[in-house]
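What follows is a set of structures for review.
Next come two complexes built around subunit A: one with subunit B, the other with subunit C.
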Partner chain A sequence: MSIQSSVEVQTEWGIVSARQAGRNLAKEIGFGGVDQARITTAISELARNIYLYAEKGEIVIEAVEETRGTQKKKGIKITAKDRGPGIKNIREVMEDGYTTSGGLGAGLPGVRRLMDDFDVDSVMEEGTTITAIKWLR
Partner chain B sequence: MAESKELLHDQYANILRAYLEEQSEQGLYYAQQFSKRVLEEQISPEEVVSLHLEVLEEFFPDLPKGAHESFELLLEVMMGYGLAYREHQSLRDKTKELEAEINVAANMQQTFLPDEIPHVNGLDVGVLSVPASKMSGDYYHFVKDDHDCVGLAIADIIGKGIPAALCMSMIKYTMDSYPEQRLQPGALLENVNRVVEQNIASNMFITMMYGSYDSRTHQFNYAGAGHEPGFYYKAAEDTFEELHAKGIVLGIKRNTDYKEYQLTVEPGDFVVLLSDGVTECRTDDGFIEREAITRLIRTYQHLPAQEIVNHVFYELERAQGFQLRDDFTLIILRRNV
Partner chain C sequence: MHSSVVQAINDHQEQLVSKWKEEMARVQEEYFENSLPDDLVFTNNEEFIDVLYSSVRLERSEAEGKIKHFAERLIQTDWPLSYFTQGMQVFRRIVTAYIVPYINNAERDSVRLIVEVEEWVDAIVNQLVDDYSDSWIKTLELQQMALNELSAPLIPVFEKVSVMPLIGAIDTERAKLIMENLLDGIIQHRSQVVLIDITGVPVVDTMVANHIIQASKAVRLVGAECILVGIRPEIAQTIVNLGIDLSTFPTKSSLRKGIESALELTQRKMVQIENGAEWRA
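On to the complex of A and B.
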């Protein structure tokens, strides 16, 4: 599979489009309703962060595959990229209870929980790239 | 995992089927029990919504238009609850970890306190020290030499919890390193003051009262560093007097003199030392008065010193609805009749 879509995020419309693209692909890959909701929630959170803190950026959504021995795993990968200010204190941000939303469980720690693999790469003044993958079980 | 999901699915299907047949209270009770099950299995709210929809569609394959879609919306709404629920779980685990660490520290702190009260002929001693939370900011200390002379200290580290507890170890080691001054309360406080002043952050203070009792002469010498005054009970007159000692709080001024006071203890007389957690007990009617404490002591005066302090503590704890707001330390030292 090489389906990939990229959505520009600069307005709340962009957030909705990114969700839509994520849901379409998640359905296609075979994720159930609950997982679809998890994936779109993760996309929402990442896209909102771009919109709020970096002003603009993009969300790339693609299908991924991994082979381990004879087992093939399918999954969905979300990449959120921006050239915004970067995240200063990633370690603190990844701690529960840090978000400005305060104790509602969302934010980046929430994204990490919703997805299976999670990676943040952020350089001050240069930007942030966050990737998250959910595997189909 | 998949297996237990299937089990939950079947259970829920049974509960729902029974309830749809007959809307009984029993059915609702089963549902309540089921909710405990899903919590135990750490199933998040959105999964429960999805489970309900699944079972519903098995029962009614031809759901009216829009019913299925409405659940998609509900699922989305429940996502936030699911996230908050998971965060709550992880914070709970973290709290447990912290608690375990603090328990270890609290046990360590206990080792700073004397593990037993020295036994001295003709002297009856009672001590009770109870922290408001796990770590205490109150400190007490007893030493006895070969001549049956006793030194005793009570100190209150201003501030509570872990910083106070860390500070306590320093006081203990300072006191341990001036054994020759056990019977010179003024000189001892001067030394402790010097150490505290040099080693503690300027926003931390310690109040302390130190006394020594010579059981050969029945002299009680004491000095204080801004500490809550104790009481002195004179048996002959059946009265309580304030045991006040002038002196500046430890850690403020480098070279400070501490005035030493002297009392001759007659049979039946006793000294009461306390921390402000005793006098600052707060009930619904406001602070407890110092008089109330002497009144309480009087009520139990006929008992051994240890039982007096136990009873006084219980009464004050009760008056506050069994919630201590400050660390509590009470010491009674009585010359036997």
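On to the complex of A and C.
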């Protein structure tokens, strides 16, 4: 599978389009209702963080496959990229309740729990790339 | 483009640019009646001329990318389309005027003819651009107004009990309206209990949850009670995954159960009247 879509996030409309793109692909891959909700919510959190903290960036959504032995598994991968200020202390932002904007501070730790694989790569003053994968069971 | 024209544009860059800026100042004053913010006009003019010159110098695809990027930025700030059309026309007039002294008399006559035709065409183009964009803006404003009216209605269903059904995505603008309409409506209808129904909200992320929590706190401050209803099972699961604690928050699975408990809170209940076997609460 090589379905991939990229959505620019610069306004709140971008957040809505990214969510929509994610829901469509999740449905196509075969995720059920609860997982579709988890995936769209995770996209929503990452896209809103881009909008709030980096002003602009993009969300790439793609179908992924992994073969382990004879087992093949399918999944959806979300990549959130921005060239914003970066995250100083990754461990700190992964704690529940940590926020610099008066939010709930539950976004990033929430995304980690909503998805299966989760990775943050951030360089101060250069930007942040966050990837998250949900596997189909 | 003809190489001599490119050369003329490049050779006279300094004069052309300063003349263009002068003319654009007049456009801002006479055409836009100084309605555009001066500081933005300044930065946009700088970028406009830079984009114009790169379109002369760069490969076509590269130049197109730059123009697109510039246009996107201006669209985001609701910058008028006529700024582009006017800006291009001004540049064309200036370049043409600069070329005239370098050509022979016979050519000059035809240039004058073309200039006249162009002035006539430009005036019509400008009018059409204005008419069309005015109509788009008006349609958008009306739609925005209609949307705002629909976006967070507070409906008084019983004495002291109101319902706010939310349908569709919640953005910052709408979150603000939800708060305002809740507080205004509670005062206006003397509500003691308000039910917020999120059955139609597709995604409840931490931002939406936060706004609902804040709204219900504010509701409590004006002496009323908030009950959240219509949390679909998949939304309940994502809320738990996000780690949002709604345990202190009054919730009911359906609008019907919410209304029952709202009536209870206001010391009332629905009863089935005798012989009214058809009727169900």
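Methods note: the second predicted complex is superposed on the first by the 130 of 137 C-alpha atoms of A that agree within 3 Å, B and C clash if a C-alpha of one lies under 4 Å from a C-alpha of the other, contacts with A are read in each partner's own complex, and residues count from 1 in each chain.
Note that a contact is a pair of C-beta atoms (placed from the backbone, for glycine too) under 8 Å apart; a residue touches a chain by one contact, two chains touch by 3 or more.
Everything numeric here is computed off the predicted structure, so don't read it as measured data.
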| item | value |
| --- | --- |
| Joint occupancy of subunit A by subunit B and subunit C, clash or fit | clash |
| More subunit A residues in contact [subunit B versus subunit C] | C |
| Which of subunit B and subunit C A:69 touches, first, second, both or neither | neither |
| A:113 touches, of subunit B and subunit C: first, second, both or neither? | both |
| Touching partner for A:33 - first (subunit B), second (subunit C), both, neither | both |
| Partner chain(s) touched by A:16 [first = subunit B, second = subunit C, both, neither] | second |
| Subunit B versus subunit C as contact partner of A:104, first or second or both or neither | both |
| 92-100, 236-244, 254-262 or 272-280: stretch of subunit C that collides with subunit B | 236-244 |
| Those residues of subunit A which subunit B touches in one complex and subunit C touches in the other | 33-34, 37-38, 40-41, 96, 103-104, 106, 109-110, 113-114 |
| Subunit A residues touching subunit B - in the complex, by the definition given at the top | 32-34, 37-38, 40-41, 96-97, 103-106, 109-110, 113-114 |
| Complex contacts: residues of subunit A adjacent to subunit C | 10-12, 15-16, 19, 33-34, 36-38, 40-41, 44-45, 48, 96, 103-104, 106-107, 109-110, 113-114 |
| Residue ranges of subunit C touching subunit A (in the complex, touch as defined) | 76, 169, 171-173, 202-207, 209-210, 233-235, 237-238, 241-244 |
| Of subunit B, residues touching subunit A in the complex | 46-47, 50, 53, 72, 75-76, 79-80, 82-88, 90-91, 94 |
